[in-house]
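Let me begin by presenting the structure, written as structure tokens, before commenting on it.
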Amino acid sequence: MDFELPERARAVEARVRAFYETKILPRHDEWVRAQRRGEAFAPLTTIRAEARAQGLWNLALPDLAPDEPGTRLSNLEYAPVAEIIGRLGWAPLAFNCQPPDVPNMIMLQHMANAEQKERWLKPLLEGRTRSCFGMTEPAVASSDATNIATRIERQGDDYVVTGRKWFITGAAHPDCSFCILLGVSDASADRTRRHTAVIVPMNAPGVRVVRSQRYFGLEDQIAPIGEIVFERVRVPIENRLGAEGEGFRGGQTRLGPARLHHCMRAIGMAELMVELMMARAAERKAFGRSVVEYDTVQRWIAEARIEIERTRLLILRTAWLLDRSGHEAAWRDVSLIKVAAPAMLQTIADRAAQIFGAMGGSDDVPIHRAFVHARMLRIGDGPDEVHVRQIFRQEPRPAWSIATSPYVIGAE
Amino acid sequence: MDFELPERARAVEARVRAFYETKILPRHDEWVRAQRRGEAFAPLTTIRAEARAQGLWNLALPDLAPDEPGTRLSNLEYAPVAEIIGRLGWAPLAFNCQPPDVPNMIMLQHMANAEQKERWLKPLLEGRTRSCFGMTEPAVASSDATNIATRIERQGDDYVVTGRKWFITGAAHPDCSFCILLGVSDASADRTRRHTAVIVPMNAPGVRVVRSQRYFGLEDQIAPIGEIVFERVRVPIENRLGAEGEGFRGGQTRLGPARLHHCMRAIGMAELMVELMMARAAERKAFGRSVVEYDTVQRWIAEARIEIERTRLLILRTAWLLDRSGHEAAWRDVSLIKVAAPAMLQTIADRAAQIFGAMGGSDDVPIHRAFVHARMLRIGDGPDEVHVRQIFRQEPRPAWSIATSPYVIGAE
Amino acid sequence: MDFELPERARAVEARVRAFYETKILPRHDEWVRAQRRGEAFAPLTTIRAEARAQGLWNLALPDLAPDEPGTRLSNLEYAPVAEIIGRLGWAPLAFNCQPPDVPNMIMLQHMANAEQKERWLKPLLEGRTRSCFGMTEPAVASSDATNIATRIERQGDDYVVTGRKWFITGAAHPDCSFCILLGVSDASADRTRRHTAVIVPMNAPGVRVVRSQRYFGLEDQIAPIGEIVFERVRVPIENRLGAEGEGFRGGQTRLGPARLHHCMRAIGMAELMVELMMARAAERKAFGRSVVEYDTVQRWIAEARIEIERTRLLILRTAWLLDRSGHEAAWRDVSLIKVAAPAMLQTIADRAAQIFGAMGGSDDVPIHRAFVHARMLRIGDGPDEVHVRQIFRQEPRPAWSIATSPYVIGAE
Amino acid sequence: MDFELPERARAVEARVRAFYETKILPRHDEWVRAQRRGEAFAPLTTIRAEARAQGLWNLALPDLAPDEPGTRLSNLEYAPVAEIIGRLGWAPLAFNCQPPDVPNMIMLQHMANAEQKERWLKPLLEGRTRSCFGMTEPAVASSDATNIATRIERQGDDYVVTGRKWFITGAAHPDCSFCILLGVSDASADRTRRHTAVIVPMNAPGVRVVRSQRYFGLEDQIAPIGEIVFERVRVPIENRLGAEGEGFRGGQTRLGPARLHHCMRAIGMAELMVELMMARAAERKAFGRSVVEYDTVQRWIAEARIEIERTRLLILRTAWLLDRSGHEAAWRDVSLIKVAAPAMLQTIADRAAQIFGAMGGSDDVPIHRAFVHARMLRIGDGPDEVHVRQIFRQEPRPAWSIATSPYVIGAE
């Protein structure tokens, strides 16, 4: 047992941190102002090129093939990197580590054949396009996949897709060129065998992004959320990922990493919240005392420290387990962090907001963003309630019953 | 002791409810769509005229003078009304009961002389203009009034106002015609005697609304928040409310009602959250059960009911006390509800969001609005921490010490 | 609506308070030391006689018949009295207001015939004996009455009772002379019609108090908890209360008041906790400050004040509703307070313990007792979970569904 | 970074587990019944001999000297052992790993000279006697050492000790033969230099154990708590540990391990709570469902799993850090776990109590014990508030202020 990050992880962390501090953070002001004006942030292209030139590219893909561009990091090695770049919404873009593209790349690595990889995966790996994943639907509880209603019907050499997806992260981004869509191809099949995954180009006839959406008032400018209508959209059968009926299982391959990375970034945001609280409290005065002398503030910061440290350890262990034993073995632990990390961050962000007064809820500081990241993560990729249920089911029952338990000593 | 609302209150509640259900709620869809298009909602004028014609006007002003338009309700009588119209952001407009105008009217009733009432209060009572209250400042903890930095300097027959105010509710509304501003006129005076209140027309030279602001992503379309710069703004001394140095005390007169009304509306929103949860849970299925059969959902709804019932009672008692014994007597109790009500609503709204899945955080449902009302109320009009401190200070010490306490029975 | 206690309530409150402060509290030290030595507290007899002579007797019985001794108070009038005497475990004894005798008296008032009243109720009303109520059983979840296993079989003119009851409050008291026992007389009947209530003298052959029990380490010296074995105990059919099959409904008549009184006493204990916190914090120093200057302490006290005030109001309203409209009408509200009051007290007592350091958990101060009162009340007379369920079931669904709700404004 | 326990740790864990399951747990019933009868548990001597013969002795002492009996385990290696033996109060006795003797042994290892080790440490290492540590005092907040009032005065070749200590764990045990006492030898010295540690034999004239004490109703039968009066007790100067004025620093050497071990045992108890909840919920039925099907129960168990996993990791990392870098380096992290572990256990135990109904608070199940372990740990060895403060103080401030922060992007 060893709690020190491996040397390679520390080395890449140091390089990413340096890049972040010198190339990204100093330009954050520019980025924000461009966004406020509704403009693209032109320097991003150069920054990305620079990151890639330094070998800081596609860092979140442990199974990067030899001919795929980027530096292969294990999940464990990626953890400290994700924390750093999780601090700013746009920082992951610099390293081509942004969601939902990374989980989509992982899904394509698992399910796509050679032609599909060439056509859909490669541009993503190169950072030349963007993508989305179409699962959630408006009319049903999508966390239970059996509720999915979008139909995928075979007609000759095509599939015809009909349905509506919403809260699709990235769908409203102008660069989003395709959607990996999950729909029902055989409603009579077993609950994990009835879905098929097909790639739907966003410019296919019948695809319509009806509107962009926000969650708790946050416009995600990196991967703006969209609602999509699919009206009898035809895609060739070559666009099917894996076999018919393998969509559900295929989707699972992207879920583990998606959840893990969200949790890692949540730690980064929580650290940022602590820094903000420390700075703010130290420079404010109220009722004759520095705010930092109020022990409520001290307590909130100390409790944040406790929550961050222990949640990070759980995330790191999950990453380590994933690297070592694969997705199935780490399934329960992914659920553990998926519940723990957003709860941690939501509380910390809420308290940061309180310490900051009115400013804390404004768009001037990243507290609202951190809060919404947490709040949305409690719903997205499976709500807390589903994960809680999964965790519970993995809990063994003791060999004894209450009546036979050696720990229960009754009256007579 | 009697827990039944007085007959007059029930009568006016019934009339407001009928108006709300027939004239307002059915047009909410229109209102929202107009807002989404960035347009004004034309039918509002007619709706207001109709409400006023029915005598449902200025319902939140217990001290309405005989010659002032509207129906005088006591604070207690207003409570059920406020709950109903608190459900929708724009409903209070119909009855001219919207903040921050109502607290401003109350402040003017207390502090303005006859000329000032004619010029500034009357148009508000008639619903012909809008107003804002300028207290909070960006650079300091404004809950401690001694931190206020905006200066009000006498120069001949004018005051010259210099400073910056932000998070000023209503300031960014196009109809906002004046600001009741609190600034420092004598920095050397006692902490409650150094501020003066002056009325600053929003079109005075040097007044500049720098930007509109949001809190946790919510654009308040009824009274949009603004940041205002005052650059050597000249106002005649006739615009001073009360004497020099009376600004702090004068501001207090509006704070009690402002807080009370916010809390009443919070109850209305909480009731709406419960309705939404009931409807949603009953019609969703997940993992083979109706969502309503999950006892977590049952618990959240039951706990919401408990919190609503007991917080409402506290609010009603505070209103009753205010009616009966005035502001000073009710001061502690206003703090009690000011802490209790937003905490209640924030939790309920958060749980409603969880039950609703992704939709719960969208702009399609009023959960985000309710959440932000609560979140902001924990900061606005004095943060929780200041009220907690006030409550604590009113708590009596027992006559005994631990050493002499009849409740402490030691060893020997 | 009127939040002032009626005059009669205030008058009786003042008299009970005076009695408590002059006759009871000053002798608490003696009482505790007697208990510690395992001795009876001889002066109690005189104190009770004195209270009765002052007309302060059987104050918790709103339906006291004209020929029954005591002063009839409504539930609302009893509330402030219960708060005062709830502060000390033994204080209710002075006024013959102690549980479980009071709920038993109420049940007897409802169910007993004239002979039964003479034989069993009268001695209780006179304070000449004690009683217990036998419902909870060790092997099953007794909150679901269908789980009850104790059998009551008719044999000639007798019933034969066989079973085991535990956590029977008062059963281990030497003065406990009879048990009102709930058992199954017809297992095939409807779930609310299968139980019968019989009175079992504690000295009947086959009744055996196996042991006394504690909850979270508290020995309830006023009504010590006991586990009772009933081995083929014969009681004459005259001991049956009401008809066969009416036991469940009969038991309900005592539950409302039992729960209400527990909650009222919980408020009294919470007030005592606040006094203890105020005294302790004010006289301690740590790290150069008076403990009272730490805002965590201030917050705990202020939050206690909020919780006490609003929970008390809910209890008072429930008492008022019970007086006005009876048990059925108040059923939901009894559940509301049954969940709210112990949660309130448990948190307050826990925080008091924290402020007191090691002493806070000792037997020298009444914090442990308050904590256990709360903790046990979350289980006793129906666990939180059962009440939550009841509350939920009373919650109406709105007329609209999500799809038709005027509050939900979707995309198109 | 590696999350697998080292092989040696796993080996010793397996051996302790086997011993626990075959030699200790099967006799727990006997132990409890002996305690209930107030008798000693005779077989303990044999069990201890057997454990020692197997080399399972003094496992909690990483700095065991070559000539001292026992198996030296690092703190990290001890962690899984502590979890197992923490499940039962008396299990640590079998391996001579019980508090407060272990921390006392560690303090003696650090401070005692050769003669003192021979006289006081050796019997402890051999398990031939018991000890206590006298710090906490009744009249003051002892967490602030400057409050300590017990005086140690030099008179010739003796020290004269005068004072009162309470809540001294182990002091009321008949085998406790000496107390390591902390008192003030020079009140004028610096706050960390004014205390001296002396060993006071419990049979010295003037030492009087006034009474035994309980915390939240728990009699600690392994190391019963006592209140001790020291009335002009004379001890020879040879009994002084270290130099005069070094008592405070000396006391610190025992605090790290004391806290760490308490936290490790808390994990063991939490695991036991989960087992109890799983067993109980699975075998109970209420309202037509198995209790385990209620998602509140599932949630409580899942949340317990999350809390246990991440708190355990934090404890393991702290043990690892202590082994690697020593006490000073691990100081903050000891505070982290000292706050986190009892909060975790208290919540879990409270929920276990709720699931168990009345039985959950009884002496038949170990829930009350686990609860009190947690509750007391929030006070003992420094209350939460002191640790929170320590943690806060270690938190670095960012290089930027709010005004200069790259994360804060204002209006203009």
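For reference, chains read A, B, C and D in written order, and residue numbers begin at 1 within each chain.
Definition applied: a residue touches a chain if its C-beta (ideal position, glycine included) is under 8 Å from a C-beta of that chain, and two chains touch if they have at least 3 such contacts.
Quantities reported herein were computed from a predicted structural model and do not represent experimental measurements.
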{"item": "Chain located farthest away, centre of chain D as origin (C-alpha)", "value": "B"}
{"item": "Which of C-D and B-D has more C-beta pairs touching across its chains", "value": "C-D"}
{"item": "Inter-centroid spacing, chain D versus chain C (mean Cα positions, whole Å)", "value": "37"}
{"item": "Averaged-CA centre spacing for the pair chain C and chain B, given as whole angstrom", "value": "41"}
{"item": "Distance between the centres, which are taken as Cα means, of chain D and chain B, whole angstrom", "value": "51"}
{"item": "Touching two or more other chains - residue numbers and ranges from chain C", "value": "138, 294-296, 299, 385, 389, 410-411"}
{"item": "Of all residues in chain C, those that touch chain D in their complex", "value": "136, 138, 140-144, 147, 166-167, 213-218, 284-287, 291, 294, 296, 350, 353-354, 357-363, 368, 371-372, 375-376, 378-380, 383-385, 389"}
{"item": "Chain C residues touching chain B - in the complex, by the definition given at the top", "value": "1-6, 9, 25-26, 28-29, 32-33, 76, 87, 272, 274-276, 278-280, 282-283, 295, 298-299, 301-303, 305-306, 309-311, 313-314, 316-317, 320-321, 333, 336, 339-340, 364-366, 385, 387-389, 391-392, 395-398, 400-402, 405-411"}
{"item": "Touch list for chain D against partner chain B, complex", "value": "138, 210-211, 227, 294-296, 299, 410-412"}
